[in-house]
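Each of the next two complexes has chain A plus one other chain: chain B in the first, chain C in the second.
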Partner chain A sequence: MNHRRNTCGQAYALSVLTPIRDGQEAPLVRCLNDLPEGTGSPLASVAGTHIARWVVIGDVVYEGAGQRRPDHLSAGRLLFTSNFDGPLEPYLQRLCTGLAEVADRIWGHCSGYPGRADPGAFAAYLRSHQLECSLFFAAYGGRTVEQVEHSLTTRRDVIDFALRAQRMGAAELQSAFREVFAA
Partner chain B sequence: MPNIEGRATAITVLTPVKRGGPLLLWLVFWAGRNITQTLEKLEKLSFIHFARWAVIKRFPDENGGERLNHSYLIFESNFNGAWEQYIDAFSEVVRLRMQAIWGTSYGFPGPLPVEPFKAYIRHNEFVANHYYSAYAGATTTEIISAARVEPALEELKARAATMDAASFKVAFGEFLTKVQRDL
Partner chain C sequence: MIRLDLPRIQGFVVRGYRLPFAGYLFLNIEDAAAAAAWIAEITEDVLTAAPWSRKPDSGVNIAFSYAGLCALELPDAGLAGFPEEFRQGMAARAKLLGDDGDSAPEHWEAPFGTPVVHVLVMISAMSPEALEAHDRQLRARIEQIQGLNIVYDQVGSALAGGAEHFGYADGFAQPSIEGSGVPSLPGQGAIAGGGRWRPIRPGEFILGYPDEEGVLPPAPPPAELSTNGSYLVYRKLHQDTATFRKQLAQAAETYPGGEELLAAKIVGRWRDGTPLAVSPERPDPAIAADEQRNNAFSYGEDPDGMACPVGAHVRRANPRDSMPFEGKLVNRHRLIRRGIPYGEELPPGAEDDGRDRGVIFMCLQASIARQFEFVQSEWFNAGNSFGLGADQDLMLGPQDGSPPDAPGAGNGSAEDKMKMTVPGRPPFFVGPLSRVVSTRGGEYFFVPGINGLGYLSAAAGGGVA
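Take a look at the complex of A and B:
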């Protein structure tokens, strides 16, 4: 695995493809669809996660007569991808602890999953099913989740303050600025 | 909603690669990483947060990986805005690169005209069963803009400490002029 190919700035692209156990595809889809969204998502508890997803791939798609031969997977696959603040190893630990029992609920549908009780085995399982990126693009790969969130808050504060400040005199402006931005 | 979290949209596409395609893709992606301005071009598509491509020669499993009749190309992107507009922009701005990448896949009709290209993407797309973004309300442009506002504000704060009110009002006006495009 060439980890540099999974990296853009400090951002890391994790792609994990695990085989789904026989007969477990529908329960897995239900499990994923039932997860809370937004700030309630279990991924919100995994620090450093910018954007991530789980995708159930039942089988590969056949392109029709132009394709030499059709393909079929012997087992469906669960794709997990995450764009996070690297490096990989601490993130795998954060996944194990942050997802907690949800990790078992999800990957428990997959063959060979060792469970999260042994964090080392959990990390090894994800690493052994990892894909290497051929090309990874991150528009703001130099910025951590914390930095992104902080600068977005600052930008909103500046916009709000600029609107409020339109009719302020010099002394009031300076005083209000010091108050809002702790200058 | 599948594939959508706040203002972020997910796309996941898996396509079978023609014989000889993996070697061509190796060259195209090597060039994308080292020579051509692929990443800069993607940056111009200012609505992409993160994107990745990976070539799958074996689908990971417990037995060294499952080899199908073909290798597969997986593409994932995280962007803000509508799916249709995203594909439109992709086919216009990075047309040659899309041709070079997906031209190695069976069934690819070319990036233009765009309707067959959209049909091809839809045919090979998988829906995200769970999708998470740490800052779902923010667009890529807002995040990059916010990263420029923050240091400008810090600079003003540092200067403001020694200014009288009249000088500060002037400096604040200059600050707003400097960051107005980012607000």
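Take a look at the complex of A and C:
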């Protein structure tokens, strides 16, 4: 594994492809669909996560007339991808503790999953199914999640101000600006 | 050079008929065998993409929802080969599409959003008489068939001057398709570099042909079912004309350029269709009327949107060369638009009269998820792709604010009150905005080729193993 290829600035891209056990695809899809979203998402409890998702790849698609014979996967695959504040090892630990029992509910549908009771075995399982990125681009590779959130809050403050200031005269504008952005 | 099998592609996929009257019949199938016989019969009536010797007075096209294909009792392998979003249907995709509040499926007109809608029959006509005659003939035949029922209908007609209900001339930009035989106009295709355009690969819209990636788009087996087919999105969109006018007039009170310039900034075209990118100072009827010029523009020279705002409706719908990678990101998200207004015009200056008016929005593509759903959710209902934060399209956006768990949200922030940003020195903010277009119903349909119609009528009811 060439970890440099998984890195963009300080951001790291983890891609893990695990085989789904026989007959477990539908329950896995249900389990993923039932995950809460927003602040309740289990991924919200994994510090340093920019973007992450699970994707069930049931089979390869049929491409129509040009395809001479049908192609099928031997087993469905679960893809997990995450862009996070690197490096990898501490993130695997944070995944294990942050996802808690959700990790078992999800990867429990996959072959060879050891469970999270032994964090070392959990990390080793994900590492052993890790794919090397062929291309990783992070929009804010130099910024941590905390810094991005701070920037978004600043952006809101500036927009709030700009909207409020749209009809102000010069003197009023200056004093309002000082009041809001003095600190 | 690709050649499309035009006589086996439904006509409206490849060309806009520009027929000013439309009728839509929605059917429910109770008996697969009866429906199969009817499909074989109506196939004779279906207008194909083969070149016309003379423009017809009226024409028919036909499409099937996933529930409809299930009701036809197709083989499982074919049904399973349809993409997820099509199988789920439009109502199940409401959250992604921003169909919440007034637009939520629970408020849709019945029977939209239920598995009752199976077949869409579209009639296009030159005159109300031609529409009525064709409509009467179709209804009479359907009424004779046990197990095939009309469950909903809709009519539409072009407004005076080709405008839509908010008062803008519409329907300029359409992707030109390689191999379609329809002459390509400047600005209609894909960006080819050096200010040139080329037609878009047909697999972006029609199954069985190479797409912009150079591969065949995913399609359900067998090829006879899917080749020459396309996916159709049908949406009945109510337009709240009075509120739109009020928002515009209120904002224009403090906009230095005046109401008509602001109206143009919102859309990216003046009311008559003159592109802001071509004529930023004033509308030019000569440009608007010239199909060699009314769509021949790009945004490369205007990255900040000083002429045409980055968040203008037409720039969101088709960002042309304002996205990186020489148009590659844009060429995968193009739509063929077919649509027509419905309802009476609201007279100028009138208060809301409570009557239903809007547009029957239809678009065609090879992937509903990658094309319509992407454009609606990422380009209209969000601002992130364009560096516009939480801004949404002024016309189509739900204007429902940012999610309550976004950083800094929920403190009465202005980003919870929706706005549109008009770049300038200084920039101008239009808002607070409320929703002016709401969804009254809709569904996803598959538009088989003539070969696909043949397959359906043979395979329905388990006719083909």
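Note that the second predicted complex is superposed on the first by the 151 of 183 C-alpha atoms of A that agree within 3 Å, B and C clash if a C-alpha of one lies under 4 Å from a C-alpha of the other, contacts with A are read in each partner's own complex, and residues count from 1 in each chain.
Simple rule for what comes next: contacts are C-beta pairs under 8 Å (C-beta built on N, C-alpha and C of every residue); 3 or more make two chains touch, one makes a residue touch a chain.
All of these numbers come straight from a predicted model, not from anything done at the bench.
Enquirer: A:S128 contacts which: chain B (first), chain C (second), both, neither?
Expert: It touches chain B, and chain C stays clear.
Enquirer: Touch test for A:T7: chain B only (first), chain C only (second), both, or neither?
Expert: neither
Enquirer: Using the touch definition from the top, say if A:Q24 reaches chain B (first), chain C (second), both or neither.
Expert: Touch partners of A:Q24: none, neither chain B nor chain C.
Enquirer: Between chain B and chain C, pick out the one touching the greater number of residues of chain A.
Expert: Touching more residues of chain A than the other partner does is B.
Enquirer: Of the two partner chains, chain B (first) and chain C (second), which one does A:L152 touch, if any: first, second, both, or neither?
Expert: Touch status of A:L152: both partners.
Enquirer: Between chain B (first) and chain C (second), which, if any, makes contact with A:D160: first, second, both or neither?
Expert: second
Enquirer: Using the superposition on chain A described above, determine whether A:I51 touches chain B (first), chain C (second), both, or neither.
Expert: first
Enquirer: Looking at the overlay, does A:T144 come into contact with chain B only (first), chain C only (second), both, or neither?
Expert: After superposing on A, A:T144 lies clear of both chain B and chain C.
Enquirer: Which partner does A:R77 contact after superposing on A: first (chain B), second (chain C), both, neither?
Expert: Once the two structures are laid over each other on A, A:R77 reaches chain B alone.
Enquirer: Enumerate the residues of chain A that count as touching chain B in its complex and touching chain C in the other.
Expert: Residues 38, 61-64, 66-67, 70, 149, 152, 155, 159, 162, which sit in both footprints.
Enquirer: Which of the residues in chain C come into contact with chain A in the complex?
Expert: Chain C residues touching chain A: 81, 207-208, 215-221, 223, 226-227, 254, 389, 403-409, 413-415, 417, 419, 427-429, 431.
Enquirer: Contact residues on chain A for chain C in the complex?
Expert: 38-39, 61-67, 70, 149, 152-153, 155-157, 159-160, 162-164, 166-167
Enquirer: Over in the complex, which chain A residues touch chain B? Could you list them?
Expert: Spelled out, the residues of chain A in touch with chain B are 5, 8, 11, 13, 15, 17-19, 29, 32-33, 35, 37-38, 41, 43-44, 49-57, 60-64, 66-75, 77, 79, 81, 83, 111-112, 128-140, 143, 145, 147-152, 154-155, 158-159, 162, 165, 170-171, 173-174, 177-178, 181-183.
Enquirer: Going by the contact rule at the top, pick out the chain B residues touching chain A in the complex.
Expert: Residue list for chain B touching chain A: 5-6, 8, 10, 12, 14-16, 18-19, 25-26, 29, 32-33, 38-39, 42-43, 46, 48-56, 59-62, 66, 68-70, 72, 74, 76, 78, 105-107, 123-124, 126-136, 138, 140, 142-147, 149-150, 153, 156-157, 160-161, 163, 165-166, 168-169, 172, 176, 179, 182-183.
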